[in-house]
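There are structures below to look over.
Common to both upcoming complexes is subunit A, partnered first by subunit B, then by subunit C.
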Partner chain A sequence: MSHTGSGAAATAVRPGRQAGRSAPPPDPAPRPRRRLDLTGALSPWLFLAPALTIFALFKFWPMAQAVAMSLHEVRPYLGDRWVGLDNYTQVLTDEDFLSAIGHTAVLAVGQTGGSILLGMALALLLEGSAKHLWVVRTAVFLPTVVAMAVVAEVWRILYYPAPDGTVNTVLGWLGMGPSQFLNSQDSSLLSVMAVGIWRGAPYDMMIFLAGLAGVDRNLYEAAAVDGASVARRLWHVTFPALRPVFAILFTLAAIRGLRVFTEIFLLTNGGPNGATEVMMTLIYKLGLERGELGVAAAGSMLLLAATVLLTLVVRLLRSRAERKVA
Partner chain B sequence: MLSRKATRLVAALAVTFALATVTGCGEDQPAADSKAPLEIWVRKPPGSPTEKTHQDLAAKFTAATGVPTRVTAVFEDFETKLQQAAAQKKLPDIVVNDTAQLGTLVKQGLVRDVNQADIAGGDQLTPASWDAARGADGKLYAVPFSAQSFALFIRKDWRERLGLAQPTSWAELDALATAFTTKDPDGNGKADTYGYVIPGSTKRGYLDWYFSSFLWASGADYFSGSPGSLTPAIGSDQAVGAATWLKSQFCTAKSVVPGAVTAETTQAHPLFETGKGGVYFTGPYNMARFDKSLGKDKYEVVALPAGPGGKSASLAEGENVYLMAGSANPAGQERFAEFLISEQGQTIGMAGDTDGNVVRLPVNKNIDLAKVRTDARWLVFDKVYKEVGRYAPVVPEWTPFRTASAEALNAIVSNCASDPKAELAKLATEFGAELKKQGAGA
Partner chain C sequence: MASGFDSALGFTARRGPLALLVKTIVYGLLVIVFAGPLLALMIGAFTKVNDPTSLVSGGGFTLDNFTRAFDRGVLGYLANSFIVVGGGLLLQIAVSVSASYSLARKTFPLMKLVFLLVLSTMMLPEEVLAIPLSLVLSRVNLTGTLLGMIIPVGAWAFSILVMTEFMKEIPVELEEAARLDGAGDLRVFWSVVLPLCRPALGVVGIFGFTMIWDQYLLPLLVATDAQQFTLPLALRTLRSDEQVGIGVLLAAALLALLPSVLAFIAMQRQFMRGLTSGAVKG
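Let's turn to the complex of A and B:
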């Protein structure tokens, strides 16, 4: 790319010179052209160098090490033992891992869908420029900025699984409960999902609000004049305008969903009876609690492959959808 | 053409820089230096009185030997941070941590082996304490520093209000837990109290760590056979009986505090302190905390009664001084361990009756516990340790067994439709595979 750029610059010089002289001079000396090329080629790399160095040190090199670790039994002070693809086989045939993959998928879909629906509902309710809305929006956004450790501790208290627990008290007023929430294998995944939605929805709401601000007001008015109901206006005007927002949210959620860790680690640590075990908590346990760093690295590599694949699928679907619109 | 050259130049520079940085991270084995500073990691909450006691111990050691020391207290995810340090080949020189970590540290080659004869004062330690430092190959990989056993912490005020006696059998213990659950022992007119406080999470194998004493007291065991040729015994009728008993507390009597199946110790302690549960089987290190938060007069410390096996039992644990691999000062490591097990070091570590104690029960047999501490509750733990204390089984690495056991028990108690016999049979199969993997099976 840089070569083409410099070539274009060199061509741009020629007509001027030709215009100034009756007889065309011999070809310009190659030396200045070379210098131009060198500067043109180096400058983007020089700008990129700080970021590339940081990425190389903190991302690419550790990733390369993780690939190597996934093929070894890791023993830092005794020397690693080559085991080939054994670690991958162990991961892919492990019942716990397969069920963790299932839980991760359920949680990713549930949290993504829930956050987007709730986020959109909040955005539609809180859209506008009135001052009081600004205050409400800030209050609604708070769960997103609070540290996950605090959120988990608060929800553990709210979810206290006795009749005098906070949420159970509310359920009691409605003639329901008490629920075990995090402490039953039937309800724990849903309970964690609810916390994820509660935390993720305001973030999605902000992105929706940004998207809604870009919708042409004239379209609403035109639709209203044509007698379109609120639901029809939403369906035919708002949602199509928000298509790029959905694309961004799905991409982000796909990646975020697969990497879910903190809320599980702090709320249930994968329990009870492994009902909330996800890939990241299992990789953590294998690597850092049981010292099976090689197997954990193999699990991480598979997770990376899944993330890349999912991102590509989302991008592919997005580009197809865009082509269709065009 | 030229731009390709430039690209190559940048790539070469980047690779050289990366390699230089990476090789800078890895360190060759440093030359021995008997005055090199000792980096000491202790598994204690930063800023706690126990950290101060370790600081005090290190300062006195430096004053006596001239070897500089630096104490770092790490509590949350201690093992994780140690793994990270190991991955960078920058281990501390000394680690003071649980005896149960021995196998994992040995397996990964993170600790040096120790020759008992080289440790001055090593012959003054109780023989049982050295067992806590022995690996599956019979070699010693640490120096014992502190021992402890476990006992029941019972809400005395609740028990007396209900007119019940201290439990002398498991049946009486269950009756007490049920009464705490159903008879409003705090007299507030609400059904908001429970019997057993149990850290039932699988994290760090907590549920198995809690249950092991009950398992042994029921007459069951993890393995049968001798070290090196073990076979799983966790599927035995006695073990099934013990697991069924545990499950019945959760599912039938419902005498366990809500939330137990996902609770770690840090979440379980407050349940006892705030009057949710009245029976907590835990270690002596909690006395200082509960004295402050609950009040010394509100609870009592009682040995676990004999179980169906006809005898009592308690997990024996404690802390070892691990001499870590790659130290620049191996001689200093040994001198520090010698100082910690000396009468002076043990007495400082016991910290009298204060909450700064890091030596729970002394491992040095020349120390009379009753002379250092006036609080008679310590004698309960001392008696339990000496009479019925049992360390975790000797296998190359105990952690995978403890984790698998905690997961099986968690599955049993969190699902009231579970079949303890089938779950333990599955666990026995897992134990068999792990024994084989570790080369410790028959």
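Let's turn to the complex of A and C:
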């Protein structure tokens, strides 16, 4: 479809090339055309210009700057000094950065795994065409639509660390002790992670639902006729069909986890005592509060490398898996 | 028999009082866990709360939180948010429709490269580029202006890709007919392709809206003082303001929450379509 579309559009631009096609109707009335026409080689570029300009200014220029800055000691008014890979070694040996990298990894893994598992469970529970299911799905999906800043404020209140705080009250009913949540070094990272899962799982659920809709119902029936239990049916029919969905969700969620900023910034701002400091909050503080732009840029580059690497690895695994199937 | 497999679990098809009870409990729990906190926020904004431990503390109905929030300049922040999301969305739609027209309906040298560049911006999240981005923003004199929050969100690879996929499906014959009538690129774009894109415009519009409304880091980098704060940014200031009670914070949070929730509910169908077209096609 795509080939016919763009190919024909190109021939239509230059009518002379249509000679090979079946009976091109001649243009009987030559009139003063193309006054407002941007035809020609330039036209596609004019349509692309706004997008490319914005990307160039706010994506590629900062990108180039980041690369340059990461190799320099940035000194405003004094001129930058070339330091080679020093910034990178500083990032990779600095204790704060190492623990931030650790927290980022834990958070990315926990949030990714948590939202995929919970999203899968939600999708299985809420699959179906009944009207009430649609209502429940909409309600469950709300956290994903609401701005992160609002989510963070709500959860700060829910997490209120006194025994009569909302979540602590619920924990009390379940016979579990009050937790300090965001205020304690032991629980703060987990608390942030829970918010991430709460907001991420419904998104994953929707993608899973789309995947589940594509599973051949006859396979379920065949499995049931063969006497397969629900668990076996899921394992042998549903999960294999969802494999590409898993791969996509894994990439998306992991990247989301790596670049997490807003929720940490608003929930704990890296505290208590650095227990939730992640790459992005540390980079923000280093760059914009302490003015160590070079080191911050080097940190950003490492983060970028991690996301790109992750994307490529998943792509590779996916194409290999597809080849094996085919 | 076939109806027994409406879903993978066969969960919805099961009947009987026990199944109904289990379903009701499960669905109820899910709604409480996921929508409950937001619902509590909405109720809390209209009740006399000043208890930091809970969203709702049973005081009577009041609009006091809102009037006090307005005293704190919340309407101004809200106006900023609307300017940013309105301007950003208009720009984003115009930019992606225009770029997609080239990518979907034309072939030209370096097309593959352009496509790759557009895709690659998805791997350059603004979080990762935050530090140099803030320098660039000040270099082009956008720091301290709402325009600085509008222009960078004007081009978004997701919108361009969704739009491009959609435009590829428009039959060539329509375009050829217009060209035979002497229509040029602009005319084909404006009178033939664009009117047919309305469903895709819905998808791009709703996603662009949510994305821009959710922006936090970009406004944080751009704003130089509270005058330019968007409502999400202002929440943090309100929270740390000792004289502002929790009720005022809830009222402001409700105002920050409502537009995206209303937009989502109004355009849910388009949202779902966009979710899967953007994600599953990768």
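Of note:
By definition in this document, the second predicted complex is superposed on the first by the 268 of 326 C-alpha atoms of A that agree within 3 Å, B and C clash if a C-alpha of one lies under 4 Å from a C-alpha of the other, contacts with A are read in each partner's own complex, and residues count from 1 in each chain.
Rule of thumb we're sticking to: a residue touches a chain if its C-beta (ideal position, glycine included) is under 8 Å from a C-beta of that chain, and two chains touch if they have at least 3 such contacts.
Keep in mind the model is a prediction, meaning the values are calculated, not measured.
Once the two complexes are overlaid on the shared chain, A:L303 sits against subunit C while remaining clear of subunit B.
Of the two partner chains, subunit B is the only one that A:K285 touches; subunit C does not reach it. Shared-chain residue A:W61: touches subunit B and subunit C both. Contacts of A:G271 after superposition on the shared chain: subunit B is touched, whereas subunit C is not. When the two structures are aligned on the shared chain, A:Y88 is found in touch with neither subunit B nor subunit C. Between subunit B and subunit C, more residues of subunit A are touched by C.
In the superposed model, A:L234 lies in contact with subunit C only, and not with subunit B.
Contacts of A:F250 after superposition: neither subunit B nor subunit C is touched. In the superposed model, A:A162 lies in contact with both subunit B and subunit C. By the document's definition of touching, neither partner reaches A:F97: not subunit B, not subunit C. Subunit A residues in contact with subunit B (one complex) as well as with subunit C (other complex) are 2, 6, 34, 37-38, 41, 45, 52, 57, 61, 156, 160, 162, 164-165, 287-288, 293. Contact residues on subunit C toward subunit A in their complex (touch as defined above): 1-2, 4-12, 26-27, 30-31, 33-35, 37-38, 40-41, 52-55, 94-96, 98-99, 101-108, 111, 114, 117-118, 121, 123-136, 140, 151-152, 154-155, 160, 167-170, 172, 175-176, 179-180, 182, 184-187, 189, 210, 213-214, 216-217, 221, 232-233, 235-236, 239, 246, 249, 253, 256-257, 260-261, 264-265, 268, 272, 275-276, 279-280, 282. The touching residues of subunit B, when paired with subunit A in their complex, are 2-3, 6-7, 10, 14, 17-18, 21-22, 77, 79-80, 83, 86-87, 89, 104, 107-110, 190-192, 200-204, 258-262, 264, 267, 325-326, 397, 399-400, 403, 407, 410-411, 414-415. Listed in rising order, the residues of subunit A touching subunit B in the complex are 2-3, 6, 34, 37-38, 40-42, 45, 49, 52-53, 56-57, 61, 75-78, 156, 160-165, 180, 182-185, 188, 267-275, 285, 287-291, 293.
Those residues of subunit A lying in contact with subunit C across their complex are 1-2, 4-10, 12-13, 15, 25, 27, 31, 33-34, 36-39, 41, 43-45, 47-48, 50-52, 54-55, 57-63, 65-66, 69, 122, 124-130, 132-133, 136, 138-143, 145-150, 153-158, 160, 162, 164-166, 198, 202-203, 206-207, 210-212, 215, 217, 220-221, 224, 230, 233-234, 237-238, 244-245, 248-249, 252, 255, 259, 261-262, 265-266, 280, 283-284, 287-288, 293, 296-297, 300, 303-304, 307-308, 311.
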